[in-house]
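Presented below is the structure to which this report refers.
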Amino acid sequence: MGVEVATLTSTALRAMVPLTLAAVGEVITERSGVVNIGLEGIMLMSALGAAYVSYFSGSPYLGVLAGVAVGVAVGLVHGAVSVHLRGDQIVAGVGVNILAYGVAVVTLMRVWNSYGQSPWVPKVPRIPAGPLGEISWFFPLTLAVAAASWYYLFRTKGGLRLRAAGEDPAAAEAMGVNVFRVRFLATVIGAALSGLAGAYMSVDYVGQFTKQMTAGRGFIALANVVFSNWNPLVAVGGGLIFGFFDGLATYLEIVMRSPAMGFLLKTIPYAATLAIVSAAVGRVRPPAAVGRPYSRE
Amino acid sequence: MRLGLGSPGRYAGPLAEVSLSLAIGLAAGAAVLAGVGADPARGIYAMFSWALSDPSAVLDRATPILLTGLGFAVAARASLFNIGMEGQMYLGGLVALVVSLATREPVLPTLAGVAVGAGYGALAGILKVYRGVNEVVSTIMLNWIAYFLLGYFVTIYYPSPQRPWRSLDVPVTARFPRVSELPTAFLVAVAAALVMLYLLWWTSLGYDIRAVGLQPKAARYGGADPRRVTAISMALSGGVSGLAGVLVVLGRSFYLDSHASVMAGMGFDGIGVALVGRNHPVGIVLSSALFALMAVGGHGMQLEVGVPRELVEAVTGVVIFALAVPEAYRMLASALRFGRGAGGTSEGGG
Amino acid sequence: MGPGTGPEPVVSMEGIVKVYRDGTVALRGVDFSVLPGEIHGLLGENGAGKTTLMRILYGELRPTSGRVLVGGREASPRGPWEALESGIGMVHQHFTLIPVFTVMENLSMVIPGGSLSRIGDPAVREKAEEIMGELGLPVPLDARVEDLPVGIRQRVEILKALMRDVRVLILDEPTSVLTPLEVRELFSLLGRLRERGVTVIFISHKLREVMGITDRVTVLRRGRVVGTVRTGDVTESDLARMMVGREVEMEIERRPPSPGGVLLSVEGLWVRGEEGGWAVRGVDLEVRSGEVLGVAGVAGNGQRELVEAITGLRRADRGRVLIAGREMTNSPPRELYRAGLAHVPEDRQGVGLIMDFSVAENSVLGIHDGPPFSGRWVMRWDTVRERAAEIVRRFSVVVPGLDAPARHLSGGNQQKLIVGREIMKGGKVIVADQPTHGLDVAATEYIRRLLLEERDRGAAVLLVSTDLDEILQISDRVVVMYEGRIVGGGRPEELTEERLGLLMGGAAG
């Protein structure tokens, strides 16, 4: 039983990393007033970029950098569209998600001549952690990123300005905040963290790229943002809860060894997410101006 | 407005935006082809010639995405971003299959599929209305749940004895026939588009849906109940998406497999179809044909130049992304009209 | 007063032209300058371009052409941050405070400092306390702005600008949200600021205030400067003529009322506001057939919630609403309309019209669901268009066509469309909330006449307005709302402005 608890815990810890990283990034973005529902697509393309670079360079660390770079690139475009061109942020995000799937399959075919997955790629080494077996470097990194984001958002002047841009951009601008720049940067940083989450998926969590590997995690991360009430530290807790159900499904599948039940067990993380969000909403307060492009009248 | 439409001048802008977005998407696709060393002209030619040589395949392909496009549009008209057409379609298809095995005729399975799709859509609507759950998150979760439920039922309850990853076949008597080469399922989809057109612009419910979508506060003042309208339009959305699944199963594939591969992705395709069709039923009929052309032609392209047909997805993503920024075109247009200096500033009209 | 004849202007604007992207010309070549240490009034009607001009000075808008000079050097600001840098601050009509932040957080926003510097710097607090002490401007620094009353929020705004050591402070219609007492306090504060050498630009359309507080006045009309004068050299009616371009004495002939039976009655109504607290605290009202009841009061004293509760847009927690004797408390809008209610809402573009719907579609908003405009399901567009054409004809609404979206109508015509639609309902009760706010003189006069005609036809009109002139001009009876209660009232001819002012400020029982 002790072993099982340990297994379940370490599974949850591994599953929480992408859900938390992407959510923390999106908290930063949404606090500034921009919505990016393209997290799923960014994660997928970053996972691909990370796998690609790791495979051909032999260095998973370069792979991680590549994943972040992909996130930054998408963030730059989404930021330009959402902030400067006042585009429809939701539509743009959907575009990213659909684009990502196409890019993934086309690249898989061209590079590895495979329709579904890449070969195994070099992984980031793990840290031994006693009864939990070994844990990923990404776990402490995720905690650090969440803590730093919280500190920035709620304890620094920059964070104050960023939140003001998401609450009332006209007022923020009148108080001397460069709303366009703040929102643009917040979008890029948020996307970069989704990129980091994607890199984790391929060069750490799994060790290869598969075309369906994100499996809705980008959207679970969005749910986590709501659950967290736009607070990076609470998003860590949310990541653990959502990660727990993700891990639970995997774990039960292994234990029960029934492919039929497998289908039903796989619905657990999604049903749990729906249930948790249904319970959480109503007690949370989103940034007042989130998703609304700012333009001076 | 007699036609619910207005003067032709009103279409010039949107038409230009859509054309430009399609051009940007195709250019991106061509660039990818060139980038991987294939001849873009040959690839695009192969795509269209392949598709046009098999029109009934194009209509088969257009059928579900026309409906999921309508599904997206009717929700979008109420300002809801339903991206759950995929799951609503899966359940519609699954239910149609199951019921058709019992009734051995097409009508009841169709109605059942539509009803279940509508219920699944309404579920997301109700979660939004009563729990405040954003429909983007809830519908994605519901998509995955539907996906695994489909796998469960297909492999456990209705597996084909010869091929266990597949379901039993739909009885021949329950299939939508073809009249010479023309699939009747496609006619059903077009009829659904006409019904939707009528509903949105010639009924008071349509008035309310459009009012709630544009200005919920004004709609409430105008007597509409935004919560009721939200739930209804999500149900309508789910209903037509369910019909998409029904028509795939009863009209073309006649079976389901555990990965829903006969219809996977066609729910999401509806987003692009609807956006390119400007959330208007007539536009959606046309854009579904265009998307079907690209999808069917993608096979030809893959055979001819060796680039996977999923390139079409990438192109679709770029088109949608480009459609998100009409402002960019307006700026472009006004810059062209007024020359330098005008239109470049970032403030709106007072 | 040209250059060389006096002190150098602290700020001057030359040849400012502003054309909005939709083609609206807001400013047509404006020259404007202010001298150090003066209180300079910027006077004009709604739409004259006052706010646009000042937003350009503050860097929020960029002029289409023209330049801004600060201290004699060209310094057209590219954003408010640059304006603040050069010593120009602005207090907007709509406050630019972040409601969920505390006062201190709002103040720290404007203090320059690296992104990574911690908030809560004690020096900021000291400086705020110093300014508050010097100017007699008390503000609770640790309260959340959303919990503060409007008058205090305005002080926070001024304090915020002073935190940046501004030399020029622009105030946009600062008195519109204040009670008479608060206005007096504001004016004495402005006097103390002038003593400290701060230049104040005071935007207003209220002649009396401009006469009372300013040293010089610049009058704008339709995007042009009519003139700049010393306040001491002119009279109120001189300024009025400059502002309007003609002598205006708006007199609306009013027949004596002949009130009949009670058509609208409100009994002990309690309604909660946005924040959950009580916004309406036990209001009783009766409006008879053939009578206009005016509800006066400073904005934000529960009028909006009262109107919304009567018209079915907000739940009343206690009390009753009766229309023509029928209990209709918390009925949905459609049932209220069927019972004979018409509602001209305060927010015409957000609530009264659907801006992207056509004129025809908007002409039946609220009554589209049922005969004669639709059957059980199906719209009867021919009937709708007939109605739309009738409204356009009878109320002289200028429209490009019945299929044109309401967005393309001017503000006055949008309001005429709404008022026309509501009047055409032929209802027993008309609730008109700020029916002429922001309209030009002609449209204002027209709409007031229409309301009186409806009264004469036998309707019960409930007029809610923050415009005292409007209230006094067309009401048969007046009540004043203060903090959610009716605190007094009477016949307009019995009420002096002073008495009303005291009631509106909560200073009389």
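Order as written gives the chain letters A, B and C; numbering starts at 1 within each chain.
The definition used in the following text is that a contact is a pair of C-beta atoms (placed from the backbone, for glycine too) under 8 Å apart; a residue touches a chain by one contact, two chains touch by 3 or more.
Remember, it's a predicted structure, so these values are computed and weren't measured experimentally.
Taking each chain's centre as the mean of its C-alpha atoms, the one that lies farthest from the centre of chain A is C.
The chain pair sharing the most C-beta contacts is A-B. Centre-to-centre spacing of chain A and chain C amounts to 44 Å, using the average Cα coordinate of each chain. Chain centres here are Cα means. That of chain A falls 27 Å from that of chain B. With touch defined as above, residues shared between interfaces to two or more other chains in chain C number as follows: 61.
Under the contact definition stated at the top, the residues of chain A that touch 2 or more other chains are 296.
Contacts with at least two other chains are made by residues 347-350 of chain B. Within the complex formed with chain B, the chain C residues making contact are 20-24, 26, 52, 61-62, 311, 313, 332-334, 337, 343, 345, 347, 350-358, 360-361, 365-370, 374, 377-379, 381, 385, 402-403.
Within the complex formed with chain C, the chain A residues making contact are 152, 155-161, 163-164, 167-168, 170-178, 285, 288, 296. By the touch criterion stated above, chain C contacts chain A in their complex at residues 58, 60-61, 79-81, 84, 90, 92, 94-101, 105-106, 108-111, 113-119, 160. Interface of chain B with chain A (complex): residues 32, 36, 81, 83, 127, 131-134, 136-138, 140-145, 148-149, 151-152, 155-156, 258, 265, 268, 271-272, 275, 307-308, 310-328, 331, 346-350. The touching residues of chain A, when paired with chain B in their complex, are 37, 41, 77, 81, 84-92, 94-106, 109-110, 115, 180, 215-216, 219-220, 222-223, 226, 259-260, 263-264, 266-267, 270-271, 273-274, 277-279, 281-282, 295-297.
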